[in-house]
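Each chain gets a letter, A, B, C, D, E and F, in the order it is written, and its residues are counted from 1.
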Amino acid sequence: MLLQVDTGNASWILTATCLVLIMTPGLAMFYGGLIRKKNVLAMFGLCVAAMIAVSIQWFLVGYSMAFGNSIGGFVGDLSYAGLNDVFLMHETATGVPATVFVVFQCMFAMITAAILASPFAERSKFGSFLVFISIWSLIVYNPIAHWVWATGGFLSQAGVLDFAGGTVVHVNVGFSAAAVALVIGKRQGFKKDPMEPHNIPMVAMGLGLLWFGWLGFNGGSALAANEFAGLAIINTNLAACTAALVWIVLEYVDKGKKKPSMIGISTGVLAGLVAITPAAGYVQPWGAFMIGLLVDFAVYPVLKWRTRSNLDESLDAFACHGIGGVTGAILTGVFASVNGATGLVAGDATQVAIQAFGVVCAAGFAFGVTLVLAFLLKKTIKLRVKPDEEYVGCDVSVHNEIAYV
Amino acid sequence: MKLIIVIIRPERLHDVKVAATEAGAKGMTVIEVKGRGDQKGIKLQSRGGSYEVEFIQKVKIEMAVNDEVVPAVIEAVVRSARTERGPGDGKIFVLPIEEVVRIRTGQKNCDCL
Amino acid sequence: MLLQVDTGNASWILTATCLVLIMTPGLAMFYGGLIRKKNVLAMFGLCVAAMIAVSIQWFLVGYSMAFGNSIGGFVGDLSYAGLNDVFLMHETATGVPATVFVVFQCMFAMITAAILASPFAERSKFGSFLVFISIWSLIVYNPIAHWVWATGGFLSQAGVLDFAGGTVVHVNVGFSAAAVALVIGKRQGFKKDPMEPHNIPMVAMGLGLLWFGWLGFNGGSALAANEFAGLAIINTNLAACTAALVWIVLEYVDKGKKKPSMIGISTGVLAGLVAITPAAGYVQPWGAFMIGLLVDFAVYPVLKWRTRSNLDESLDAFACHGIGGVTGAILTGVFASVNGATGLVAGDATQVAIQAFGVVCAAGFAFGVTLVLAFLLKKTIKLRVKPDEEYVGCDVSVHNEIAYV
Amino acid sequence: MLLQVDTGNASWILTATCLVLIMTPGLAMFYGGLIRKKNVLAMFGLCVAAMIAVSIQWFLVGYSMAFGNSIGGFVGDLSYAGLNDVFLMHETATGVPATVFVVFQCMFAMITAAILASPFAERSKFGSFLVFISIWSLIVYNPIAHWVWATGGFLSQAGVLDFAGGTVVHVNVGFSAAAVALVIGKRQGFKKDPMEPHNIPMVAMGLGLLWFGWLGFNGGSALAANEFAGLAIINTNLAACTAALVWIVLEYVDKGKKKPSMIGISTGVLAGLVAITPAAGYVQPWGAFMIGLLVDFAVYPVLKWRTRSNLDESLDAFACHGIGGVTGAILTGVFASVNGATGLVAGDATQVAIQAFGVVCAAGFAFGVTLVLAFLLKKTIKLRVKPDEEYVGCDVSVHNEIAYV
Amino acid sequence: MKLIIVIIRPERLHDVKVAATEAGAKGMTVIEVKGRGDQKGIKLQSRGGSYEVEFIQKVKIEMAVNDEVVPAVIEAVVRSARTERGPGDGKIFVLPIEEVVRIRTGQKNCDCL
Amino acid sequence: MKLIIVIIRPERLHDVKVAATEAGAKGMTVIEVKGRGDQKGIKLQSRGGSYEVEFIQKVKIEMAVNDEVVPAVIEAVVRSARTERGPGDGKIFVLPIEEVVRIRTGQKNCDCL
């Protein structure tokens, strides 16, 4: 039953919905520019497949699984399946209509799934990814979203702070990506052939759209057009810039590099955006600054380790989102001090432990279930194209198209 | 007539053009190529580390010239394309041409080079 | 006279205005990537020409023609010509200031005109298109917008449902495009030379911006930040994704194709977006799902027929917008059931007939007037560049530029 | 202390914040496409460096310098340095929370700094630009923003009208760019080698994002979701389109050109956007139309003069933003007539003089201080890469990357 | 066997392909190049003014053909590549080939051209 | 000295490079080209249907080598470039070179290949 819509809050969440939507095309560009020319369309294809699969499952059962009445704190029941009469459901406490909340959350589910294209890059079958991501969204994303954000979700009850999805989105997808990478195996020629990024301006343009959208992602998570939405945006932007600056310094002092690269700067921005996500509305600007300063010290070495390792988690969702997300979640426990949250610096050390608990649950569940799922699909419908097709490139072999004439 | 094929560093194109033209090579055709020789690949950065580009950007110039200007053109190219950066300056190959036709007029082996 | 602005609703329509604006650059990219490299700038030129022409005519007389006091239900009078003191005019029933409504509607007129660049692609003179589109906007778009959306417009009075422009925008422009294609004639080498899309990532990026903007297009058409704006966005996104999935299946089972292409997926998304436009705020999510499921069965065969035919309606505005728009308008009559609308499934079969009536009026008028207009301009100022110029490409011959070095 | 948030107004300014953010990536594309392929990443690097430097200084002291308690009308004190407890500060008169205002203004400071990349293009050291732009933002931007927009700022008190930053942003950055160009010197091969724009579609796409963002830039400057926000958007769009049309005509009649170019049309749009900025909420639509009609007559000849001159102000920030900004500021004094402003046409000729006074102060200060700053940095940390590095291109020599494979 | 190198205006590619094929040049390899000759550069517009493109877009075709078809191919190319636009139509160079191998079969100097 | 011109499928480049280098062709220049021969064009999808790409992406390698290694290089290329995909594997052309110059040193006909 509709009680009282606050059109201002509703307007901001409608806007934020659109902003989160554009993140997925932005991500497609970010990822697409980092890979070889012969696979760029296939990368766009994976991202749009994620949008398609998630939107449809969200309508069918996903929203209800994530935000329905809690079954033991683990998952929602199917009372909202099919979204019938959703426009009659009552609005959030901040006066945002249910319809708006449903589609705002749908966009989160979409971009999360799209990030998981990382370990599938340049090698996966289109149809198999479509199947994989539908199931993954259903059995991995929906429950974790429920744990953290739904009334009665067990991590929510445990007091886990996750302003905009550090745990639900980033930790989750990062560890899922690692699991997929283990199962799917590395690309042909990995560490032998040069796998040069084919279009770095496209990476930067994608980053621009991601940054833009992220303001809605984090700012919209206030679910209101209030001072905390503004604070979240200040913090988001500040952490992104600070982490980018640190990354520049790290590359500059790194003996193997010596020069700040555009891809590096972009990765720094991304690390900052990821890390501030759980904290955006809970910390003072100086807290955001600290998070920006610290996150690269976790992400940078893991990224370098991954590159040297045999793990072809091709677009580093694990390093950037997984490790960045863990760092952000923990640091939220450290720096949270406003908007009803109390972290270490505000006197409550237990929040750090709670955050760690949240991270362990999400990472463990995501990693484990995804590992099994990917393994089963590998054995049944196969995940990869044939070696020959991979060599020719997925654009031609999967989509029968050439990206650029 | 000879076809002089020249492979140079891209940044020398303008100077080589000027020098070769002065030396008597009026027409020329330019192609962006990638090459490999004594010069090792260059290391560029990728996300987590660096990767080696096996083939390096070069520019290839093809000039059909009359026999008598060949030495002058070669000398001009060597002079204008040389740098002090070690291997990678490129090569010149001279090939025989049996026949030349200017499409516009249909003339053969004319003074049209 | 200003009575009571609802800042929340106003905020959302201001936002939606910006979102609809970005659709035109998005469309320019979508179209630009689908054509040959030698004409991409000229395509951008046509789209910006549409923006220029429409904005100026909208200010001079267009808004007044579309939304002025109705002259017999056919067109508005010129009482608002020149938009003087527009900030003093009173707001919509939902408290959106007149200024905001004026520019929101201006953006609709702009994107509609830009879509009509389709049959001019790769062959038209810049100046002639500028003249054409100015007149077309004046004598075709403005009246049809009046019929459907203005108080007293005759289709509005007949009860035609058009939430966000299925008839006004899509049916209109689709049939206009067909008329232009008949008059302007096919490109040199049509069906002889390969006319390969020169930059498919650009197509996909353009689609991303279109999708993003469309949420404002349809969501903003609620003219309020309420539950129906949210519903419209749920439905828009769901129909787009569903239609994309159907398109994938259709290409997969099509013997001539067998593989889902990125251009195909993009076309599916587009078809879904077009078809849901008139219905967005009037159907339940399952209705949107049905519309997404059904629309491709109309658009796909027409697109294939057009490709085989001799009609060089180069970017398929007729198939995608025209046929997609007709399908959407009719299905709105079938599935409408909420927000005061009652279609077939809700018990009122006559709505389907009313929708069909609206479609016939708009399509007939648009086709007829555009045919005459294009013909007259062809005979006077000429529509096409010279054959030689066409061969060299419009970028050099019309704009004296080369797109990429 | 929070008094009363108007969520509708807050929502619109949150949105406008995001819109202004995307202008910087848009500008990076606009600039990046206009230069040579070997320097495009470095251009993106300069723009992101501006974002980084400005965001951090804004948090540390910038906001306080610009909007803190006025010290003699010249600059703010440091009472808000570090932005502590910013979410508790009270909202604007229109009910927009302080947090939102802080970050909205931060985005203005960012895009302004990024525009100043123009004279650094294709030749500057990354680190030096980072240092330069940090200091410039601190000692040039912050004071000028204070003069015009802060309570007690001396130009504000003098009655200067600057709706959205004609003086603060455009005049300022335009004259700063000229100063830098004088100090840094011209690119190797300037006017000898062809310096062809390497990717004009990227220019056009960047323009699309700039246009989109500009609606938030000007519309958001109403600080409310009201009729003047709508008016500002009507005017912004109309002036952009009108100026584009005039530019087309100017190129058409220009004997050296004869054809309207896409870069020219884009420049016309930009000139219109710049010129309307100070006037957006103060003029009637016909005033915007007049400004659009007039501005090119100042910008076009200056741009042509600059191109013929020896001043390598590579991306014409001086001509477009400086001269366009001066023109717009003066014309605001001519056409202002609504929203409490009274210009020449409304009977107050002194406003033109006041506007001229504002322009002279801003232009003089910006030019002078920037000249000294650039000179000092040139002598100490050097501004340019080595000649060899410049020849090879900044992408490889500064960032160790190649834009496109 | 000869290697016929043809440099033409890009817009003539299709016609030249058809004409050369009919004249007996079955296989060919096509490369986008930039060239310079009697034709002056073209002026394109940049922001404030115009700039000259020193090298103009051309297409280079390489066709290895048997000796007997050389005259016919040359004639066909000249006919199909010629325009009435003044300088810039391009050139044909004929070079000797000593050996041809078809990779698929390893055959040498076969009838594989 | 000979100029060995090799046209291969792009995906074979890496292997051909390794094989040819081992066989004695140290330097080489690589160019992306499009070709046409026995292999028919490939059909790609466009919006409503499909279109045929007349010219197919190939890679051309030019290697100037000393006479004595020619047979070994040819053999290495044939071996490493061959696929089982039917027509399209490419061709090798051997042309005579009259003179070679290394730009860096100005040396002629040296051991610089």
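Everything that follows uses one rule, which is that contacts are C-beta pairs under 8 Å (C-beta built on N, C-alpha and C of every residue); 3 or more make two chains touch, one makes a residue touch a chain.
This is a predicted model, so every value here is computed, not measured.
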Self-check item: Other chains in touch with both subunit A and subunit B
Solution: D, F
Quiz prompt | If a chain touches subunit C and subunit F alike, it appears here | solution = A, E
Quiz item: Between subunit F and subunit E, is it the same set of residue numbers doing the touching on each side, over half shared, or a different set?
Solution: different
Quiz item: Through what angle, between 0 and 180°, must subunit B be rotated so its C-alpha atoms fit those of subunit E, rounded to a multiple of 5?
Solution: 120
Exercise. Check C-E against B-F and say which one is joined by more contacting C-beta pairs.
Key: B-F
Self-check item: CA centroid of subunit A to CA centroid of subunit C, Å
Solution: 33
Self-check item: Inter-chain centre distance, subunit A versus subunit F - centres from mean C-alpha coordinates, in Å
Solution: 45
Quiz item: Using the average of all C-alpha atoms in each chain as its centre, how far is it in Å between subunit D and subunit F?
Solution: 52
Self-check item: subunit D: positions in contact with at least two other chains
Solution: 6-9, 11-12, 15, 196-197, 199, 205, 209, 225, 257, 259, 261, 263, 399-402
Quiz prompt | subunit E: positions in contact with at least two other chains | solution = 31, 44-45, 50, 53-54, 95-96
Self-check item: Arrangement of touching chains [line / ring / star / complete / other]
Solution: other
Exercise. Report the complete set of touching chain pairs.
Key: A-B, A-C, A-D, A-F, B-D, B-E, B-F, C-D, C-E, C-F, D-E, E-F
Exercise. Using the touch definition up top, name the residues of subunit D that touch subunit C in the complex.
Key: 6-9, 11-12, 15, 19, 36-37, 196-201, 204-205, 207-209, 211-212, 215-216, 219, 224-231, 233-234, 237-238, 240-242, 244-245, 257-263, 265-266, 269, 284-286, 289, 338-339
Quiz prompt | Interfacial residue positions of subunit C with respect to subunit E in the complex | solution = 189, 193, 391-392, 396, 399-402
Practice problem: Would you tell me which residues of subunit F are touching subunit B in their complex? | Solution: 3, 17, 26-31, 62, 64, 95-104, 106, 112
Self-check item: subunit F partner contacts - residues on subunit B that touch it in the complex
Solution: 2, 5-8, 31, 33-38, 54-55, 58, 60, 74, 77-78, 81-82, 86-96
Quiz item: Okay, in this complex, where on subunit D does subunit E touch?
Solution: 34, 194-197, 251, 256-257, 259, 261, 263-264, 267, 303-304, 306-308, 316, 319
